Amino acid sequence: MITLEKVFFTYRSGQTALQDIDLNIVGGDFIAIMGENGAGKTTLAKHLNGLLKPSQGRVLVDGEDTRKVSVAKLSRKVGLVFQNPDHLLFSETVKDEVAFGLKNFGFAPDVVDSQVVRTLEALGLAEYAETSPFLLSGGERKRVALAAILATEPDYLILDEPTIGQDYRQKERLRNFILQLYSQGKAVVMITHDVEFVAESNPKVILLSQGRIVARGPADSVLSKDELVRRASLVRPQMSRLFSELTKYGLPGDVVDVHRARLLLEEKLSEAKVRVPQNS
Amino acid sequence: MAHAPREIILAKNLGFQYVGAPRAAIQGIDLSIKENEFILLTGPSGCGKTSLCRCLNGLIPNFYQGEWTGELLVDNLSVTTQLTSELSRRVGYVFQNPENQLFALTVEKDIAFGPENLGLSREQIRQRVDEAMNVTGTLPLKDLAPYELSGGQQQRVALAGVLAMKPSVIVLDEPTSFLDPRTAEDVMRATDDLREGLGLTIVVVEHRLDLVARYAERIVVMDGGKIVADGNLEETLDEKFDLLEGLGVGVPRVSLLWTMLRRDGLVSGKVPTHVESAALSLGGMMNQ
Amino acid sequence: MSLRTLEGFKFSTLRTPVHLLDPRTKFLIVIAVVVPALLFANIYVMIVLLLSQLPLLFVGRVARRWALSLRAGVFLSALIFVVNLFTGSYLSAIALTLRFLVLLTSFSLFFMTTSPDDLGLALDRIGAVRWLSRRWLGYPNALSFTFTTAVRLVPTLAVDAQTVVDAQRSRGLELDKGNLFKRIRNYIPILIPLLLIAIRRSLELAEALESRGFPGKEGRTSLFQLKLRPADYVIIVLCLFVIGVSFWIFFHYKIPVL
């Protein structure tokens, strides 16, 4: 479990980035951290693997205080995937790139090789094993970066804006992949402003605004609250905005997912059909 | 008497293959765009949307080398005979990453950059810069450094810089990727306002249709370097929904919802493309 | 030598009288300091040169950052002092260390109060630069533009550098462990992404610039112009005087170290 206890963080320039953060992350969790630019999402993420240490309060990873453990050691359990894959990639081949973390953590060569193969397979990158990562497209490079962090099988995976620049199909693949991971017992924390992606994936949502947690709860409850969503510079999902207009027909207001919306409307419309004689 | 809008972009069998690429990025493109249209250009990753845009302002073939086939006329100029600097007077380009297209020390100097390249007098440059700042609401930002601005402000400054060139067409290549949803909506609305106010032709490349559906009347869908659908947005979404979904295009959720309900025979009528029209249509169905 | 030293050379947008001076004037001030500093090895001269720049530092409101950069330059100063102790008298060691500080201050003052844009404008006016630019790069403003763009990219790349370090540390990279050889090797995963990011940024920037008409057939007309004002003329005359007097004294008298 990762625990943040009354965490405050102020940058050296004097700017306060996090205020009074209390948070628990356990295996099997799927959490989305949302908020406006500058709300403190990335700052929060960097506290989870020790890149930043709190000014007040503490962060515990599996019982260890992050101020007492090196980032390298924490990275074995907490994998942080940065937004721009180009900040990571430097190897001659995709294989080498994915092996980097494994080698840093001191795994034996045969373990390194087998993990690399497994991870590349899992992310559909096997065909690129011997390719230079720089020759790949943007979306493929993002997957290589993800593979590089996943190869060491961290218990907690933090993804910083994983959906930017991805088309719908790539996002679906990502969603399925995340589902696999947290059903295996890992914790997945996603920093994002992609409201529709969150609406369809149903994580627990934590809304940050100006360094504070202003809301937490299931996606359909948090994302339906217009005032909060606006403050975080987000927009309510289409389904939520639609159902706001339909409450007069007795439909609930906290719908965000299209599939739940469909079921509710199917019910309502079938009723209506039954009551009203069929027009030809 | 209203005159018919003239054709401002005409592509005939346009194709391009980058040097060293295994296949063409775009091929057999036939496209006609009239003045003042608002076009949504979409398709899965790698379908050639960006390559097509690059042809429109001359980055292809001037900045990117490769093999060109077919013809492309922009404002009656043949692209292959022009330098990018000439075409930039007619076609403006707003890039995806706001940070890498702004570089001057102040917003004002950045917006002035374009007109400074046009051989204009200082007074003319001054006038264009002031106009561009007024029309995009960036006047209060004029002495700030671009890197001090938020993403949304940066994109508006980028737009202002492009407008100062007084183009007739503006291409925006996934301009809201890095922006949060509210800012993205603001930028899109501002773009549409500009289109109306200045009579511009707008081409927006975007994966997420819901952002642009309210403003674009026409959609051009690409896949594998070719155009696979081209027509009125609402009609295309209505008739070719399965094609779009199959390509992995981010169809608006309300459109998806309606299509599913329609398949089950619970609703009838055209697929709505945004929340307001969906609410109206569903309301209509409920009242029956 | 920490990154703090670089703070003493970063431009900050202020509107002090020093900032508003023409960059050519300010560069002449640098020359007016450098010439006597190099011609003479006299301790009094060095002290005068150092003190004479203090008012400029205060009026320009960059005194605090200058002090910080001096602190970071202590190491290099100490090195110079020690080396000169071995090659000459201890008086000359003091003089030469002071000279280093004088030169450091002079350049620091210049870069902190001159914006890269104004530098570019000034460079554009220098015939030699335009000629060189035309020969090498095909356009008269290309060279000065290259220079100013490079300067503008520095803060952006500094942020990128920190991000790369963070990203690689998150993969277990430890930059402070191992023998010297290993430590140098550990910088490869930092330098390569940074280099590529710099290249990518430059390419994207080039695309954006070309899409806005750069370089244009007719050459560029700058919206902003450099104008010499009365204050500039006064200072220019003063500087030329100092330079002239320095040379005259140099050729007529022998000035000892103390």
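As written, the chain order gives the labels A, B and C, with residue 1 at the start of each chain.
As a convention for this text, contacts are C-beta pairs under 8 Å (C-beta built on N, C-alpha and C of every residue); 3 or more make two chains touch, one makes a residue touch a chain.
Every value quoted in this text rests on a predicted model; they were computed, and no experiment measured them.
Farthest chain from chain B (centres taken as the mean of C-alpha atoms): C. Each of B-C and A-C has its own count of C-beta contacts, and the greater count is at B-C.
Inter-chain spacing, taken between the CA centroids of chain A and chain B, is 29 Å.
As a whole-number value, the distance joining the C-alpha centres of chain B and chain C reads 42 Å. A straight line joining the Cα centres of chain A and chain C is 43 Å long. Contact residues of chain C toward chain A in the complex are 160, 163-164, 166-174, 188-189, 192-193, 196-197, 200.
If you check the complex, the residues on chain A that touch chain B are 36-38, 137-139, 164-170, 172, 193, 195-196, 199, 230, 233-235, 237-239, 241-242, 245-246, 249, 258, 261-262, 265-266, 268-270, 272-273, 276, 279. Across the interface of their complex, chain C is touched by residues 46, 49, 51, 70-72, 75-76, 79-80, 82, 84, 86-90, 100-101, 104-105, 134, 148-149, 152 of chain A.
Residue ranges on chain B touching chain C, taken from their complex, read 57, 59, 62-63, 83-86, 88-89, 92-93, 95, 97, 99-101, 103-106, 109, 112-122, 125-126, 129, 143, 145, 147, 161-162, 165.
By the touch rule above, chain C contacts chain B in their complex via residues 13, 115-117, 149, 152-153, 155-156, 201, 204-225.
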